[in-house]
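See the structures that follow.
First subunit A sits with subunit B, and in the next complex the same chain sits with subunit C.
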Partner chain A sequence: MRATTATTATATASDSATASDTATAADGTSAVTVIGYGPAAHRLVQRLRHHGHRGPVTVFGAEPQPAYQRAQLTSVLDGTLPAGALTLAPLPAGVEVRTGTRITAVDPRRRLVRAEDGTEHPYGILVLATGSRPVLPQLAGAGRHAPGLRVPHTLRGARPVTKGPVVVVGGGLRGTETAYALGRAGHDVTLVHPGAHPMHRLLDGRAGALVTAALREAGAVAETGRRVVAVEPGKALLDDGRLLAAGTLLLCTGTAPDTALARTARLAVRHGIVVDDRLRTSDPYIYALGDCARPVGRHHGTLESAWDEADALARTLCGADGSPVAARYVVRPRLPALAVLGPPDALHAPGDRDEHVVLSDPARGRYGRLVLREGRVRAGVLVGLDRAVATVGRLYTEDRPLPPDRLALLLGTDKEYTGGSALPDTAVVCHCNNVTRKDLRQAWRQGAHDLPAIAAATRATTGCGTCADAVRRICGTAAAS
Partner chain B sequence: MTRTLVVVGHGPAGHRLVEEVRAGDRSGRWRIVVVAEEPRPAYDRVSLSSYLDGRTAADLDLTTPRMRTDPLVDLRLNTRAVHLDRGSRTVTCADSTALEYDALVLATGSRPFVPPVPGRDLAGCFTYRTIEDLDALRAAVRPGEPGVVVGGGLLGLEAARALRLLGARPHVVEMAPHLMPLQVDEGGGRVLARLVGALGVGVHCGRGLASLHGDPEGRVRAVTLSDGTELPASTVVFSAGVRPRDELAGSAGLERGGRGGFLVDERCRTADERVWAVGECAAVLGRCYGLAAPGYRMAEAVALQLLGSPSAVFPGADMSAKLKVLGVEVAGFGDVHARTEGAVEFVREDRAAGTYGKLVLAPDGRTLLGGVLAGDTAGYAVLRTLLGHELTAPAELLLAGGATL
Partner chain C sequence: MSADGTRGPGAEVATHCAYCALQCGTLLRPSGPGVELEPSPDFPVNRGGLCQKGWTAPALLTTPDRLRSPLVRGPGGELAPAGWDEALDLIVAGLDRVRETYGPDGVGVFGGGGLTNEKAYALGKFARVALGTSQIDYNGRFCMSSAAAAGNAAFGLDRGLPFPVTDLGDADVVLLAGANPAETMPPLMRHLVHPRLIVIDPRRTRTAEQAALHLQPAPGTDLALALGLLHLAVTENLLDKEYLDTRTTGIDAAWQYALPWWPERVEQVTGVPVEDQRTAVRMLAEAGRRYLLTGRGVEQHSKGTDTTAAFINLALALGLPGRTGSGYGCLTGQGNGQGGREHGQKADQLPGYRMITDPAARAHVAGVWGVDPASLPGPGRSAYKLLDALGTPGGPRALLVFGSNPVVSAPNAAHIARRLAALDLLVVADLVPSETTELADVVLPVAQWAEEDGTTTSLEGRVLRRRAALTPPAGVRTDLEVLHGLAVRMGQPAHRFPVSPRTVFDELRRASSGGRADYAGISYERLDAGEALYWPCPDAPDGNHPGTPRLFLDRFAHADGRARLAPVEHRDAAETPDTHYPLHATTGRVLAHYQSGAQTRRVPELLAAAPGVHVEIHPGTAARFGLTEGALAEVTSARGSTVARVRLVPTLRTDTVFLPFHFPGAGRANLLTGPALDPVSGMPEFKVCAVRVAPWQEPQA
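The block that comes next holds the complex of A and B.
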């Protein structure tokens, strides 16, 4: 299936490129230009060198500072880490890095990119790693210009919160993480979310309820089913008319793949930049990876998926057979022992062939639901189950079958089972007539040696009759001993 | 000296009491008079729909030839008790006979509850409790026509089976969010609904009956549900629960439970030391039980007291049940709804096989407190025995019936 996709994409690509042109793309000497300087781009350049790429490499970053770990911005926001701690290691010598340079257009015909200042830069191979851009809501009043309002998507937007109370707008993954982190840091936080529970696209209702409880415990109140409709200095207006005090207002209303540049190059775009399983776009000289791209079969962009894509693409560009990128990643929001596996639609609406396993322990805030097919995880959500997050997560990413004892797997226990013979004598075997194992043994000793005799002596099996097999077996054990 | 025990009502509980007393009363201390309203002796109500599936009234009869010819048992059919005078220790029947007793056991059972909705008296409306009810249903149902069953509990699904056997196309309306809310949880009810739905039974949960509509001849033709849905129906069967038959309490000055029923203590005795109540008419410490098994436990406790063990008590109800409704196996046992403080639930559902299994465990994640099985109940017997004990094998093996004792 995947091979077919790849072949088709290559064939399409060949329409506008000669065979020799394509060859230059994969011999490890071509000039590689990377647009975007986030973790995906950073890892790609590192891996290019690692895999022996010898051509020149240029990286354009729109932000003024070098690449940093965007996923850890909440740690800057809540004051846990200084901004500098997020900076990624410097790139190998010889790589040309141009920070603070925004590329505004790609001309695939002339194979060059154009910067904001009008300068043009030719490329051999172009890699788009433009990441995602925040999607912002319409807000009345002072709107986005209100003092204290920020979009914590960049280092600039994520500088430490000093003024409370805090209103986080949007309870998706980042918003929920942000509210949790700031609540933990002692801020008075309200999370305003239009869905029925935080992260409603990723989690089911019960997992959502536990996340709500975890937020509450951290000091963050979730206002679900609500939107912020207007913002004034120091306050936010909800759609039910309530005003929330807001010294700091953080917009976490989601992100979308940043495809603006891809569109200037007329590349195929559908939600993200369309790429084949070698991460090649509809132009044979242009590749894309990370949050701006939408590889076949990838459900969630995670840091791990970006890293794996970077390594696979580096291999491809060095002339190796860049193995297709795996599509099984675990989403681990920065909340205690929470993991989401597989495509959300498989979790929300399991198929008719699926097997379903659920562990629910509301008293201890633990919950796990797995959708399985042929013993392997298709999708799942785990809350509060530390060990299962690790073990099930690994079995999922490696696409291996689960062990047969799923209860023990989810609970993370490995206690042995005693087997039926260890049952105490007081165990009731026939519930309809309250007959214990001891009663049955005694009846046996007194000469009741078959089912009718046992029934006459004890009434066992004369109610619903479901215990007949058990009674027979216990008689068998008595006979043997 | 022979004393007289009068038993009012000859349903399964009353019958069990008579059996137990006769089995234990070797010296013939008790002469038993049973006052039975119906024209036939006690029969198995749980499998009532099988009466339409080839079994006869005789097949369902619970009495034995020995009991029928027992000189110490005087079974009076077609006889209704109308008055109880505790002062003179006399039960008066509709035919004016007066029966004096030394001990009295009330086993009057219950009557079907018919919700007070407009149109409930139209022709084509039935209750579902007695063989006579089934005879009336059989005479009225026309094959191929739609029928509505009000109540999606065990009895309601039995009634749906009856309608199917008579060739009608049944729809079941249940107020609770899922079928059989007493015996199984939401997941089990969902699997049950899917399986019975596949048999052509319409399932409408989370909705009540709002009204019934008749044709010009005064026969029901449709019903409207509380959400506005209209269902065509040439037959409507009410099986939405029962109410205890406690009419005798009034004339006798006996106390009733909060929701009706003869109020009795844990020995099933009323405030009068000569009067007991067992089965669905008894409000044991205020609570009535609408299932056969608790009634048997009450009958056994009272029989022991009559035979000289004054301390025998009703041990409490085990609401566990394994049933086959409309060919679908379901079972619930122990703490079905995980109401125990700190309980942990483990569920396995195999959508391809159409099976659902749930274990309710103590906070240790190990000790079995209850469970639900639907679609396949092979694990029931072993699981039920494990109640209160640690699991002896992996949960899924136990649920699938692959573990032995």
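The block that comes next holds the complex of A and C.
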């Protein structure tokens, strides 16, 4: 791969004739061409201008519409939002956007890209943001052409679901979210998943059981350990021979990095486009980010990581030291209180040095498992613990030590620390006027036996007035003693 | 007795509290050298209530170290008493020298949100006419500027509460974003007994304790939370579509910026559980009468204007503003924080909330002042930039400070103290010594709340009469007298700077006439007769315009009558924790003190209640850094260190510490805060910086 890089660089440098009019320096003046117009590309272009990029920017998008929030397609599927509501904010003025233009080849030697219609477009710096493509199963029968079958990977495949019942094929993250959202929207949903429980690569058995229960509550039944093998109009055939009614069949069977274009440029590809810590591919003038890329030694694959990469790359292309992209992201599906932290293997097989915290309360739908090293989270899964889901994620991404009371953290309670015993005499009862219990008792002894008299003597209750009940209680205690 | 709390002839004087923007009604009876005070039972804002600050305000009138004579720094470097003529002559000679060398902008003026309308107006006029300087701004920039900028952009007008405070009492739900009235303005809570409260605050404050729902976002993330709440309002189908169609513009663009803030993402960024976000939006959307109020917690950020705008977007999306029984408002802080931002002590404004760049506004005000419009300077630097420029090439070399103590209250305080020390001439007018008077070349002793007449405009936009119950002590002058004395010495005609507050107010009425904050129809006579007058109150043919208690009921103040939703984007605070400074610090207030504490630290009862700076920290975090309850901690940011007493607070976020900013010297929380400013409002980032904490080690001798 090293050799490839060197060859490409030499070739490019010696063949400057075609590209001499396009600036290539990463100093904010380069002519940047972006292939792909999803959320990562959109953010990159926004951040380029934000960080002061002055050169021309061109974006090619294969789909006909402007960039949209792909991660929210389920909101269109379930009828929450119209398709148009997913359109992202307009790009800064001066950016050339060519939607509906599929780029079919990259020629790194001449530094240009070729579109489907044969036109060629030179670039200074090329950024591949081609995202991912769905991985589809073999289906017998009418197969992928069956009416009602859709791949909700693009806006075209994510029209609102109208024909019930719904079969969602594939219970990974996206499939589970989709089944849950449609169930909640009142559809009769079956989620067919080959693993032992939904999201089996991310979740352990106990967490999976709770997610299955949450699906059920939302109106979605999980058929686990099963596959759909054939499709006919209105029906799906499972591998155990059962037929499911399927007015709508949604294929959520996973995605793979879209590297086709990178291959035309002979870039190094290993599952995704190989990039270094500054998101540069094996060609020095070509970068890649988001779902199509495979960064070395770094967890990525969430929309947040793609956005962070976009910002880091924008800095790099503006000549700044690209701030390193965070190494840690939380998987936080659109399901009730569920978070997955860190690599699943660390969760399943904690090391000897690791502290292991487990809280299981299946009757209340709560489960938490954290693997800690030196007081910091290495991996974890949290279900139903809504406070912990909201707070531990940040402790993990920022690699902060956890507070010493692990259970208090998991349960989201601070009761462990509070005394809860009777008020001491020095306790302030009326904060607005700094009146203590002792002051009140003394006033009572001196003849102030009702609220107005207490107020006149101590000013208690005259501020916000909310201590009136407490003052009455203390008077009552004083009267009784 | 009238509604204003005015009583008939007699010894009792009806006036308003010395401190915050509630301007609680009080009744004063002179007694010895001071006054006896009781809360006014009739003034609707406090209805007989008062906090400890208000009750003890009379102690300020008799505080032993009250300034009673001008002080002039002598050759030995000590401040020594001097006569008024000597002091004023000295100041004018110094100003002349600076002006000759550096031009009019060589002199700066720094005002305060505690000054009455009359003083704020006269100060702005003095700067623009007598000094001819553009370099005037005030400490209200540190309070209200973000809310003002967002309010003007959204509604075309900025009046903190566009409805009377008492309207809140009938609400079903009130959302308080970054506001802690239970500690900062306790009597307001009397109006919040009935409504269910939603409180957004990183700390479980006393206000949050009374809430039906407390959202506890990480410091610096409330803009993400506001965007997320708008996102949910859309996806949960809670928008008031008819209202948006008929009364607003901009929902589509605002939505595009809220779109990437789905609830699970907001949860991971802010730490607020999804269900709590959903509950908050539902409570607010489904209540009959509902209000959304913001405070400094969301406004004092380098993105404070946008954060406030994001909350206004939410209020507009749900159809709150400009409706009877619902609304949006900001809780103004300082006593005259509302009036103080309307009458010309702001760098970019002329009286009546007019913009200094508007030719028609310049012509109108110049006409009232009897000067050539072309002679008025243009806009100057905003407060922090002004302070930061002091004594630098191109910056002011002399500064006049009225009613402010920036050595304690400005961010990056050690730096600002150095800038003040670099001046050729620093003049400070105050009633008591402060950390800023200690740096001054000349200190001028001025009158205080119960010693002079004037007006303030409270947080609800109601113009109130402050009335003198005492004459100022011998040797003390009013600010108006000080400005008059300086102006005359600088060659201004004597009549141009009157010393009677009533005369100044009558001129202010004319200057504000036709402006956004129009006071033309308000007079001392009407106020003294007990009328409750809220601006705008323009001149009416019969002289009896009723004022405007409730704004926007028919239309907003933009030309097309519509409110605007703003497309705003979340971003990180200017400084986020890292390995060296692993915690967020947020600053704020305690009940017993007001602003820099120059006044309240002199009141024995208040000092006893809160004697010094403390740092609130979660017990788990404290244990990690070796801190225990009551011990001294050194809190350090990239700019400096503060020494504070540890207070363990189990309800605090584990990643955050809190310090009140009222204390002097090494206890200044603003030694920690940074220089980042909001690009629109000039608001500093008081509410978040990155710090580390450690047990305090006594320095080795």
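Heads up, the rule we're going with is that the second predicted complex is superposed on the first by the 389 of 481 C-alpha atoms of A that agree within 3 Å, B and C clash if a C-alpha of one lies under 4 Å from a C-alpha of the other, contacts with A are read in each partner's own complex, and residues count from 1 in each chain.
By definition in this document, contacts are C-beta pairs under 8 Å (C-beta built on N, C-alpha and C of every residue); 3 or more make two chains touch, one makes a residue touch a chain.
If you're wondering where the values come from, they're calculated on a predicted model, not measured in any experiment.
Enquirer: Tell me which partner A:His431 touches in the superposition: subunit B (first), subunit C (second), both or neither.
Expert: both
Enquirer: Using the superposition on chain A described above, determine whether A:Ser360 touches subunit B (first), subunit C (second), both, or neither.
Expert: In the superposed model, A:Ser360 contacts subunit B only, not subunit C.
Enquirer: Is A:Thr154 contacted by the first partner subunit B, the second partner subunit C, both or neither?
Expert: Neither partner.
Enquirer: Looking at A:Thr29, would you say it contacts subunit B, subunit C, both, or neither? Reply first, second, both or neither.
Expert: neither
Enquirer: Taking the superposition on A as described, I'd like to know which of subunit B and subunit C A:Leu407 touches: first, second, both or neither.
Expert: After superposition on chain A, A:Leu407 lies in contact with subunit B alone.
Enquirer: When the two structures are overlaid on chain A, which partner does A:Thr224 contact: first (subunit B), second (subunit C), both, or neither?
Expert: A:Thr224 sits against neither subunit B nor subunit C.
Enquirer: Output check: A:Thr99 vs subunit B and subunit C. Expected answer is one of first, second, both, neither. What do you get?
Expert: In the superposed model, A:Thr99 contacts neither subunit B nor subunit C.
Enquirer: Is A:Pro350 contacted by the first partner subunit B, the second partner subunit C, both or neither?
Expert: first
Enquirer: Quick check on the superposed pair: does A:Thr264 touch subunit B, subunit C, both, or neither? Answer first, second, both or neither.
Expert: neither
Enquirer: Which subunit A residues lie in the overlap of the subunit B contact set and the subunit C contact set?
Expert: Touching subunit B in the first complex and subunit C in the second, residues 404-405, 417-418, 431-432, 434, 463-464, 466 of subunit A appear in both lists.
Enquirer: Once bound in the complex, which stretches of subunit C touch subunit A?
Expert: Touching subunit A: residues 39, 48-52, 55, 181-183, 186-190, 193, 206, 210, 218, 234-235, 237, 253, 255-257, 259-260, 262, 264-265, 267-276, 567, 577, 582, 591-592, 605, 608-609, 618-621, 623-624, 648, 650-651, 653-655 of subunit C.
Enquirer: Where on subunit A does subunit C make contact in their complex?
Expert: 39, 69, 71-72, 75, 80-81, 85-90, 304, 330, 332-334, 336-337, 339, 386-387, 389-391, 393-395, 397-398, 400-401, 403-405, 414, 416-418, 431-434, 459, 462-466
Enquirer: Which subunit B residues qualify as touching subunit A in the complex?
Expert: The touching residues are 293, 296-297, 315, 318, 320-322, 333, 338, 341-352, 359, 363, 365-366, 377, 380-382, 384-397, 403-405.
Enquirer: Residue numbers of subunit A touching subunit B in their complex, please.
Expert: Interface residues on the subunit A side: 350-361, 363-364, 404-408, 410-411, 413, 415, 417-424, 427-429, 431-432, 434, 463-464, 466-470, 473-474.
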